[in-house]
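Same chain, two partners: chain A is paired with chain B first, then with chain C.
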Partner chain A sequence: MKLLHTKRAAFAAVLVATFGVSLGARALAFDDEEKKGDESEEAEDKSVPEEEKTAWFAVTHADIYTGTGEILRDATLLAKDGKIVEIGYDVDIPGRDYYTDVPEEKRDFRVDVLDAQGMRVYPGLVAISSSGLLGTGGDFRDSIDPFSSNMVLGLAAGITTTGQGRSAVKLKRYVPHEPPLPYDFDGIVVRDDAFASMSLSSGAAKRSLIEKFQRASQYLREYRQWEIDVKKDKELKEPDKKGVDGTVLEVLEGRVYPMFRAAERADLLNVARLAQEFGFRPVIDDCREGWTVADELGRAGAFAILSARDRRDKDESLVREGGSSIENAAILSAAGVQVAIVPESKGVALDGIVGRDIMHLPIEVDFAVRGGLSEALAVDSITRIPARMMGIGHRVGSLEVGKDCDLIVTDGDLLHYQTFVQYTVIDGELVYDKQQELYFAHIRPRPEVELAPAAKLDAGEDAPAEEPKDDAKDEDREEGEGGE
Partner chain B sequence: MLDARTTQARRRPLAYAGTGRACRRAVAAAALCVAAVAPSAVADEEAPGLAVLAAKALVCELDGRQVVDDAVVLVKDGRIEAVGARRELAIPADYAVHDAGDSWVMPGMVDLHSHVGGPGGYNDMVYQVNSGLRVSATVTPGNARLARPLAAGVTTILYIPGSGTNIGGQGVLMKTRPGDFEDVVLRNPGSLKVAQGDNPKRWGYGMQRGLMNHHIRYSLRQGKAYAKRWQAYERGETEKPARHLNLDVYRDLDAGAIGISTHTQYYQVVLSTLRILRKEFGFPVFIDHGSFDSWKLGPIAEEIGVPAILGPREVLWHRAYSFDTEGAAQGTAAGFQRTGVSLIGFNTDAPVVPQEELPLQAAMSVRYGFDDARMGTVRGLTIVPAVVAGIADRVGSLEPGKHADLVVLTGDPADPRTSIERVWVEGELVYDASVGVRKW
Partner chain C sequence: MMILNTLLLVAAPALSPASTPPPQGVMALKVGRAETVSDGSVLHAVILIEDGKITMVGEDLPIERGIPVIDLGPDSVVIPGLVNAYSRQGMDSRGGSGSEPGNRASSELYPAYEDYSELLDAGITTLGLYPAGNGIPGRAVAVRTKGDTREEMILKDDAYLKVILQASGSSKKMIRDGFEKADKWIEKEQKEREKWEKDKEKADKKKKDDDKDKDAKDAGPGPYVAPDKDPEAEAFLALRAKELRALISIDTAAEYLHLVDAIGKEEFDWDLRIPIQRESNVFYVAEMVGKRGCRVVMDPVLSLHPNTMRQRNLPNEFAKAGAKLVLTPRSDSTSDNVDWLTDVGGLVTAGLPPKVALRAMTLEPAEVLGLGDRLGSISAGKDANLVFFDRDPFEPGVRPVAVMLEGQIVSGEVN
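Now for the complex of A and B:
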């Protein structure tokens, strides 16, 4: 832990060096203890420390594609401290619609408003797997590189969360603030152990896995019975947990989905049978021949991960259908299988070949649409469904009140090849702006949006520069806001 | 038979051998092909002809019509008979009719950089110069690697040798449909393949551009002299020269009947393409596999009549010490367009990028800055490569007399979401998505 702390402190020093700003003691305070110390030191300072301010974030005038079926035209989305609090119309934004008379330095909140006139808002994309977007891997709290250009390119592709290794991680980039804010190393991991890898690939593996499931389900039955019986007989001993595989038990309890790698028909059917026998929902990676056994997978409640452009000819020695199919995603979806789509190349490719790597995730999805998948399900395949697979659907994957404010603003239909992500927002913080980065700013530059009506600017100039009369009034308002 | 085709080609100089404007006139004036190809059966074998009705026809004439709404395409004897709006064009009563409903119809797509015409064996690297090798020896019509491309609407390819040597040999222009060799070959040789830059360095230890340029110059000089000897003989001025199989291709080149398809990449390499192949020797040349920042030489290329066929490395990313893009992702096609190059097409280098992803190359060029306002993507997949390869008299647009290579599709060909419903090659239905398993 001490080593960890030292590393982080060193890292913060790098942040200082890079941005040439002083982060101050506060920015270096990674541990809660240190934070408390700082608070007492500066308790007399009337202005609210920057990181303790309530962070409001709003997107206005946008066509909001919530990812739950609704599309709200010219609507507003409001987030507070990284969580969505309101999506709709007539949304009041602090600092714009109320608290306008509180001067900047006295505010206990900060607010960013993004005018997305004529643009669309989608949930941030979720790449079920990727490589190289975050850093070296392992414990991402330690290894993440928040200045990585690959991460910026991932954000430019609209990806806000990705599965990597066994974790679900956000592409939290370090964004310079004035005054500076600390980097939230803990906030990057949405879930550790989001996947439970399992194998049925060999006879031995299959036998071993079935035994584990048998033992764990036996234990679960005994435990459930014990839970009932122990109410009558308090002395009754808890059933023996010996030989119960912890991961398999988690799967049977529905706490994590098991992930199988299975491409061919026979392997897929094995997974489906196992899932139905023991009552769990399998995630099937590389589900190439899924379209030939879609009904069986649908009945087993399977999730499928696939590349729409998978190319494998069928084994000509077999009479049945086989190999890859452009219709795979569409056929599986029609049978009730939830499909997540990944490109075949999961890293960032800078070799000049474009349209095939993680930077072109929506392009991969286009090929599933070509194969008959509906456009709504196509968007789901890179937002809601992969989020569900990783057990983080309550946090990310769609725009709903209470969920994380991870969103992208695009200049058009997400699935059109010409569309660029204009802004990416994670936890209510703007982490990517196309016009502020060197990569794509020159390609169809975004027209300048008029920031404020001229009339308001004039009023500001004419208004006498004076402080608001009483602070008590502000406090009242604050309480009022809390009661909303 | 092949010789007959070649001879016929020799009489017709390549359209783009002059400057942009001159080449357009040349194509406009080009006579229709009268090569004897057996007429293929139309969809309904009893019917004397076929009418394809579509919401939109992407006609893709070089200078004329581009789009006809509510269109009908009449096909007879494997050739396009007429194209027009339904209200203006009468459909003969005995023709078979395919009503594509809301879908569109376009000419079959043309890829000028492909290696999937056969199962392999096209990258001999024993010698650094292989002018005499013909890739046509490996052509395998209907091979497994052509099934998806055909279902994607790619009906014509320039199947060329690999880029492992400076002069890889002779490519062949062929259709992707199944059939006999004689049926699928459009022109043999289709081009002379020259590779510059990095790939031929693999040929031997210590290869650098100096020696490679020397190899190319030496060979072209030999070839040019050989061609002149034969021209002198044909004029009756000299004895019949000894036949040299390695140099025969230069007679076609010098006559302008075929061009050099050059595997060239970044601008330094393209500079030697333009200077050596076009300016010094005057051969018809096109930039093939144009990539990265090759667009920097766009103005020179346009001035000396070198078209640009681009892909699959269509974007130049900033790379420290190699490429300074000031951080930007530069689109190659966008650069050529900005620098005024009139003939811009797209290629895949299949199987580096799968052949069926030819239209995606056009889509990606738009994504990275190419302005598609004047149908640059569709033209770059059809008429432009056809003109560049010198086969615009037969393929590349929906014009009477041309091969009835028709693709019925659900919308914008560049959009990956667009699916292909039917493909005809020379009037023969070769793919129908509604029958059996969809291929692409």
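Now for the complex of A and C:
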């Protein structure tokens, strides 16, 4: 017994040592890397095929807005094979801080480092719904166009994940490699069936939906009871699943959120009541009059999708409040409703008035900020919250260790009208660079060198030539020193 | 020395009957310049032909007396007969959109179609005719552009399997399903073979036991017969065995990625057909296709970079990237077939090397049809399909002076 105790203590000590020295995730990454290193030593001189290489990606010197409330100034984010492994300071990057002596062709990894000096990093934006960014629809694995200009425009707008149809899909562009890698068709769909569409619009639809919920919740009750009883009596039959709607069952089990379309007060209250009666959290699309019943929606745990600059007068025949309000998002959020904001038009519009389509999500949320929404919640409304609604919040929507490395690098505050997305990264791969695409490269072009070159300290009399050659530099300095 | 030997051999039959040699007999051609495609240009070329085949090509070869000589003059140029591997000239059926790899374009061949002679006059001696339709419409046939019956015209049936791939689930599934059906047939065949072997063993045993009594009534299951293949399984098995090659049509760069995805790990011979639209974006995959080194069948047109007015020479870009370029006429109309050389001349003016251009109209399309060992270049052993000009063939508006099909002058006149 005593022996056991000491063993345990020793084990704990080792754990503490590991974590103390090199902060969790990095330790893991290191271990992994070392293992790989050993393997490649065994397999001497065999170059690793491109697709099997570990892909490292790092953003350095950036102000990282993680989307969870923290801001890390002049920090580094490191991702391995598309997942974030470390965010913070003093991050070691393979190929730069270690393994520097391994020649390029013998490496079992490749590394991309993006220097974002003076820029900000945000999580990639999540558009709760859009159209035309990816392809024609159906299964996106079979229809996506990774070269389409609409996808580039979506990436230029900072969107990395979008709901289209019932799926949550990433805007993964085809990135040329040397040698070329096959396109990862399986990597684009984050989730099929991200929503369960439901309707309460007509009397008949309402009746039938309520019946479905009643049947499904009855079945769930029976099933849970059976789970308890079957332990005593193994012969007991599973409850009959006949007549149980599969989608409704999934909703009740909390595996998917149901999406209702409800703009007016009465419809919104119907949804809220149904949700509270059966215990699920509804997503309410086009939640225009939500501000009039915000408390009820908040109590029902609702999510709301709305456009911050929708303008509609209320029904004049009613005395109560109604119609649209610029304060909608702010009031709903204050009541505990999680709000996602969408533009008026969900496609990419290259004609008409600028700024009302999917390419202007950050500007869209500015209208909600004008109506009283906090800036932090405004960013949430186009990142974390839509990700949660689609049930993919564990993968995208914020920058945290373990999540997908989907991020944007901007040249200023995301919500400022002047700000441009400079780079977009999906799964640790650079998919958009403003200067490389013909769309916005000419507007306030990014300077080639971010910082002025270090001033040369020269107290000597000899005026240096305009641009001394690299080789000549050292000699110059030596001579100067000699002169002193 | 070898040359001499061959010459003597060639000369031998011609010597004996003295006068009139048989029409399919031996013949020598003297041309100012021969574009052999396989071995570059030969100046002052002599081409020896026997029984419709080229037996020798060389510069200023000595010609044995008695062999009839056609001298085309010092300015004359000869190129191999043109091969349009992607045409529906003379065919009129409408296809479906499903997977019908068993269909054969040869079944709708109509030798009396009047425009074949016009194509022949324009120097096109071989056509690859494909079946109509979307999806997997069937197999193309390679034909001569002359012949009174289908048998006389057909060079090779099952020249290639035409596949049209689009970025859609159903289209990708068609390819995957085809190989799945092939797998299923293999499985079925194995089972049947095992069953047959068991039956045979049983029968043999019984036979031994019964031997003493009388001659065996039960002669066993007979020779093994493999189960019938349905046309889909058959075609995809043939693809895998590399007995059949595929010509896969795509429109956009994305579709190439989908194609690579649909094919997965299957290995078979395939070439690409990429029709060039006004603002095609296929240049995104030029490097990838070039690395693969497959053939790319394109139209001789310049296109525009998407959303701009910047001109691109996509055939040249693909050729530069390493793809084997195959050109078709600008459209499948008779007039565009006749103007084929002029249209390709336009690409040459825009930077496509003339040698690559000529190869893309002769040897490479012959390879697409699986006839590369028989057609497409002026070299020993190949069919004597030749087109004669009195100036450079890529000059605008040039028409052939004469056309030879398998050793016979079938168009124009030579003396």
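Keep this in mind: the second predicted complex is superposed on the first by the 402 of 484 C-alpha atoms of A that agree within 3 Å, B and C clash if a C-alpha of one lies under 4 Å from a C-alpha of the other, contacts with A are read in each partner's own complex, and residues count from 1 in each chain.
FYI, a residue touches a chain if its C-beta (ideal position, glycine included) is under 8 Å from a C-beta of that chain, and two chains touch if they have at least 3 such contacts.
Note that the structure is predicted; figures quoted are calculated from it, not measured.
> Which partner does A:Val293 reach: the first (chain B), the second (chain C), both, or neither?
So A:Val293 meets neither chain B nor chain C here.
> Using the superposition on chain A described above, determine whether A:Asp139 touches chain B (first), chain C (second), both, or neither.
second
> What is the contact status of A:Pro182 with respect to chain B (first) and chain C (second): first, second, both, or neither?
A:Pro182 contacts chain C only, not chain B.
> Regarding the shared-chain residue A:Val354, is it in contact with chain B (first), chain C (second), both, or neither?
first
> Once the shared chain is lined up, is A:Asp366 touching chain B (first), chain C (second), both, or neither of them?
Only chain B; A:Asp366 stays clear of chain C.
> After superposition on the shared chain, which partner residues are touched by A:Ala329: those of chain B (first), chain C (second), both, or neither?
Touch partners of A:Ala329: none, neither chain B nor chain C.
> Show which residues of chain A both chain B and chain C reach, each in its own complex.
Touching chain B and chain C on chain A: residues 438.
> Mind pulling up the chain A residues that touch chain B in the complex?
309, 311, 313, 321, 325-327, 350-356, 363, 366-367, 369-372, 375, 415-418, 420, 437-444
> Could you list, by residue number, the parts of chain B that touch chain A in their complex?
144, 148, 291-292, 312-319, 326-329, 331, 334, 352-354, 357, 360-361, 363-364, 366-369, 414-419, 437-440
> Could you pull out which chain A residues touch chain C in their complex?
Chain A reaches chain C through residues 135-136, 138-139, 141-149, 174, 176, 179-180, 182-183, 185, 438.
> Along chain C, where are the residues that touch chain A in the complex?
For this pair, the touching residues of chain C are 167-169, 171-173, 252-254, 257-258, 260-261, 281, 284, 287-288, 291, 306-307.
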